[in-house]
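Right after this note come the structures.
Look for chain A in each of the two complexes below; its partner is chain B in the first and chain C in the second.
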Partner chain A sequence: MKENLSSLLEVRNLTIDFHTMDGIARAINGVNFSLFKKEKIGIVGESGCGKSVTVLGIMGLLQKPPAKVREGQVLFKGRDLLTLPEREFAEIRGSKISMIFQNPMTSLNPVFTIGNQMGHVIRIHQGLRKKESIEKAIELLQEVGIPSPEKRIDEYPHQLSGGMRQRVMIAMAISCRPQLIIADEPTTALDVTIQAQIIDVIQDIIDRFESSLILITHDLAVVAETVERVLVMYAGKIVETGSVQELFESPKHPYTQGLLGWITNIETERGKLPTIDGMVPSIFNLPEGCSFSNRCKQCIPICIRQEPPNIEIKPGVLCRCWLYSEER
Partner chain B sequence: MEPDNHLVVKNVVKHYPIRKGLFSKIVGNVHAVDGVSFQIDRGKTFGLVGESGCGKSTLARLLMSLEPLSGGQILYKGQDISRFSKKHIFEIRRKMQLIFQDPYSSLNPRKSIGHSIEAPLVTHGIAANRKERRELVTQMMDEVGLDVEQFKRYPHEFSGGQRQRVCIARAMILEPEFVLCDEPVSALDVSIQAQVINLLCNLQKKRNVTYFFISHDLNVVKHISDVVAVMYLGRIVELAPKNVLYKRPLHPYSQALISSAPEVNLKQKKKRTVLTGDVPSPIDPPKGCHFCTRCRYVEKKCTNEPSPELIEVEHNHFVRCWLY
Partner chain C sequence: MKTYIIKKLFIAILTVIGVITVTFLLLYLSGDPVATILPPEASAADIEEFREKMGFNQPIIVQWAQFFGQVAQFDFGESYISKQPVIALISDRAPASLILTAAGFLVSIAIAIPLGVISAIKRFSIIDNIVTLFALLGQAMPIYWLGILLVILFGLRLGWLPISGNDTPKHLILPAITLGVSLIPIVMRMTRSAMNDVLEQDYIRTAKAFGISKASIFVKYGLKNAILPVIAVVFVQAGTLLSGAVVTETVFAWPGLGRLATTAILAGDYPLVRALVILSTVFVVFANLMGDILIAKLDARIRFN
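Let's look at the complex of A and B:
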């Protein structure tokens, strides 16, 4: 129970379905994790594995229907967000928990100035007057390293470059000093040199504000440089959890091993790259046993029949694979 | 001319005029590609890296004669293809093929993939009849790892990786000598990227094709290329064999670019040289060296004098910088 006290966010058995014309899509299936204060975690996985659905579920931003939370709890400081009335949730969203999205062009409103949009957030959550909110916005822009913020505040999103827009998004996200920042692929749409800048800004902000971070990305290298603990997702489930060191030095799950095999090989020499054959199974029709069984090179009969349990290999290292079970 | 120079690009320039007003007066130029020269040997891979907007894709369009040049020459096996007539270009296209970034938008959703792969054969009048064409198509599908049963399926039934295989099959079926890949794996997931890169490497070994490989992903370029060029704002700033470039980049921009690429290396945290600021607009590039606005080593000479030339610093290692 000691864990409960210091954990900021606890996701318990979160299961979200999408009811579509083609049937029920099991987007995420029993996701469990907890996040401590000042901790930085990363969620990695390929497209469609449920990374974004997980955090949108936490933020209560999924459109329902088609989305439906079948079971689970999201405890933020002990309160279950999923059962909160919308008005109370709205107070937390944006002030205690805030989010940075992937594409800053589509998440900023093109017809309002930067100052207008930032001021809006500040006024709603902090009850400041208009003039004060603009001053605060300028201060925030300065914090994220935007040169001459007094000028930038009156500009429209299209006048800024991609990196600048992402900085504005970050400034907006931190405007209420949130305890938890969720960044959904914050650097994917940016160039490498700009990506390095933005990662530095996020790191710096998190450390200064003593917030927690959930970083979602498909780029393992970004994760390795930014966070402390990693969750690997595959087909709607967390298949491996561990510290960055543990995960990159000795990956446990065959899927993680495959992913890392590629990244370490591509950084070295020319030659045949190790691949993971086949494709991700459709979430409309998940296999009965382990979802990775159809691509796994170490597949054993039980993998196809029965879903593997989540096994704690070492303290803090969890892996969902039959290879580490004694019951197989 | 040496026989193994497959493609030689000499001082290629492309400007797009900006027109304004009633009489469409030219008020300025977008300097998309500004004096690029290089050469590629047969059967080798030439990698081109650079950030968005630096002119990579414009250069690609110029190489494929999809746009007229504003200046310079492109010699394909010694022939200047930039002065070719439409008819000639059509013929040369058989030998030069393209693979695009986005396999979703480069396939016709109303055509079965078999038809899509077959189309180049029809256009160029290869194979006598339908039966022969079908045979070639099934052979090709087999070679790129597509199930022959899928001949009649439509693009939406495939995943991204498989669609990219279809695009590769379509490009390779004419047995080209030169294939230009414009970010062929950027839209794909990591586990699928590896499959596609392996496929491209295998095909190169088997058919001795030359690749011109564009990507913003430094690791992918490092893996696949023999020679790598770094482009910044319409100019090649550094050109070297890949091992030399990645080990000892000389131009300040290449140094920053290579050091900003994230890396899985937990033992030793990389010291990054993080660039400040953004890329200047290609409409009004800085007067001297294009990189002078962001460079750490900037001197008076860099901003005042016209840009330095591409200098061979060591064997096969070219840099465009006053420092050398």
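Let's look at the complex of A and C:
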């Protein structure tokens, strides 16, 4: 009950399909999680597991069609965003919840200056005048560590490096002091040397503005140093939830164990890198039982027949696996 | 920006020089001008004297240089038929043509771009299908046929609009629509596909993620990007507009360069034809240059190379 009071975002049974020429792709299959105020969570999983679709669904940014939210609720401070009229939702986007995207090279509009784009966002949410909005934008660029922002403000995106563009995106994202920032693989498209800087900037602003953070990444090192709690996704479902410490020290789900095997074994073993054998099942044709059963080394008969329940192993640690169930 | 314009200007000038040369060569190859100009009963001595006088017995390179020098001074010689200087005939008719071309251009832009945008926003909807069908019809319809249909409907049946001449602004309406419609399909389809493309870009999603309204996204964020390839296409179509003007002017007895060209070609008035060909090309080259500059003005990536 106490948790409910301070929860900022609650995603309940979110289920998203894509209606394509090849049939219906079940991209997200009943995702549940909640996020508390000032909490930082990470969503990890391999490409195509539904991390991005989940957050795009939360933000209402999926192209419909082909996407279709079949079921579920996204409660932001108690209000369901999915049933909100478009105008009211637009007011929340960029002001209460803002998003940082994966590819800074293409995420800024090439025909407008930085000041133009940032100024527009600031004006529509804060009702400032043009001159004030540009001054505000310069301040924000300063906050994310862009040198000589008063010059940068009149430049076009193509004149900035990838790292600088991502800083601009971050500056734009924090322009209205959002309560929630969603970062969808903010460092994937950047140079390794820049990645650490961008993560530092994000961490710094989250702490300063006391926002909550959803960080999507497949970089486990970034997860370990940035967030407090991790959701592991596989084939459109959250298969494990737990604190960072719990997850790294004792991963519960065989998939998580496999994922972590990639990093832990590198230090001790030489030769071939460990992998998880087999292929992710097609989201056009998900198996009846556990989606991971075909690759799981600890698979037992029930895994193939029936979907595993979400089991609370200890407070705050959830795992969708039959191995932890007494009913098996 | 300056270097960009200078570069484009240089290319434009080269193109014009090339066109003048080709025009000269075509005329040179098209036979002995003396045979056309002098009456058939002219004596051999007369012909020789005339050749000498006109410079037709000079080496080709000298003739080319002379021709070039004349063109550079806008000296296109005299019309065989009316015996007036060609440049006077042209400057007499040019304003009417410019007005018609500009009006046709505006009509097509004013209709095609909004239709293209709507069709892209409502992709695969009934509106999109109707607009596409309309574009298909427009493209399949010969311009003179449309002109005649308009004359029959609005001129003869309804009697709303005058059908020939250019005495009042009202006279401009039917020719401008006829000419405009010929350009609508390509501009509309280009706008639609460019807009479709732009609306799928990441920066449009960014705009949406920051709460920017749909209207702003479509017009400000979308169209400013989508208009760039449209401009490129529209200005290349300057030639189509010009040839459309020839037909339109003939249908509506519009006293412009197009009709001048038609009569000159039919009468074999070579100096006039030559001048019209050269000036048309210069117009097209100039229009392309304008398009390039406009694109650079709108797109910083080109402006800064």
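Throughout what follows, the second predicted complex is superposed on the first by the 324 of 328 C-alpha atoms of A that agree within 3 Å, B and C clash if a C-alpha of one lies under 4 Å from a C-alpha of the other, contacts with A are read in each partner's own complex, and residues count from 1 in each chain.
We adopt the following convention: contacts are C-beta pairs under 8 Å (C-beta built on N, C-alpha and C of every residue); 3 or more make two chains touch, one makes a residue touch a chain.
Bear in mind the structure is a predicted one, so any value in this text is a computation, not a measurement.
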Touching partner for A:D200 - first (chain B), second (chain C), both, neither: first
Chain B versus chain C as contact partner of A:E132, first or second or both or neither: neither
Chain B versus chain C, judged by how many residues of chain A each one touches: B
Chain B versus chain C as contact partner of A:L260, first or second or both or neither: first
Partner chain(s) touched by A:V192 [first = chain B, second = chain C, both, neither]: first
Partner chain(s) touched by A:V222 [first = chain B, second = chain C, both, neither]: first
First, second, both or neither for A:L273, with chain B first and chain C second: first
Set of chain A residues, in rising order, touched by both chain B and chain C: none
Chain B - residues contacting chain A, complex: 51-52, 159, 161-162, 189-195, 197-198, 201, 216, 218-220, 222-224, 256-257, 260-266, 269, 272, 274-276, 278-279
Partner chain C, residues of chain A touching it in the complex: 59, 61, 86, 90-95, 98-99, 101, 103, 106-113, 120-121, 124-125, 156, 158-159, 169, 172
Chain A to chain B touching residues, read off their complex: 46-47, 161, 163-164, 191-197, 199-200, 218-222, 224-225, 244-245, 248-249, 258-260, 262-267, 269-270, 272-277, 279
Residues of chain C that touch chain A when the two form their complex: 201-203, 205-214, 216, 220-221, 224-225, 228, 298-301, 304
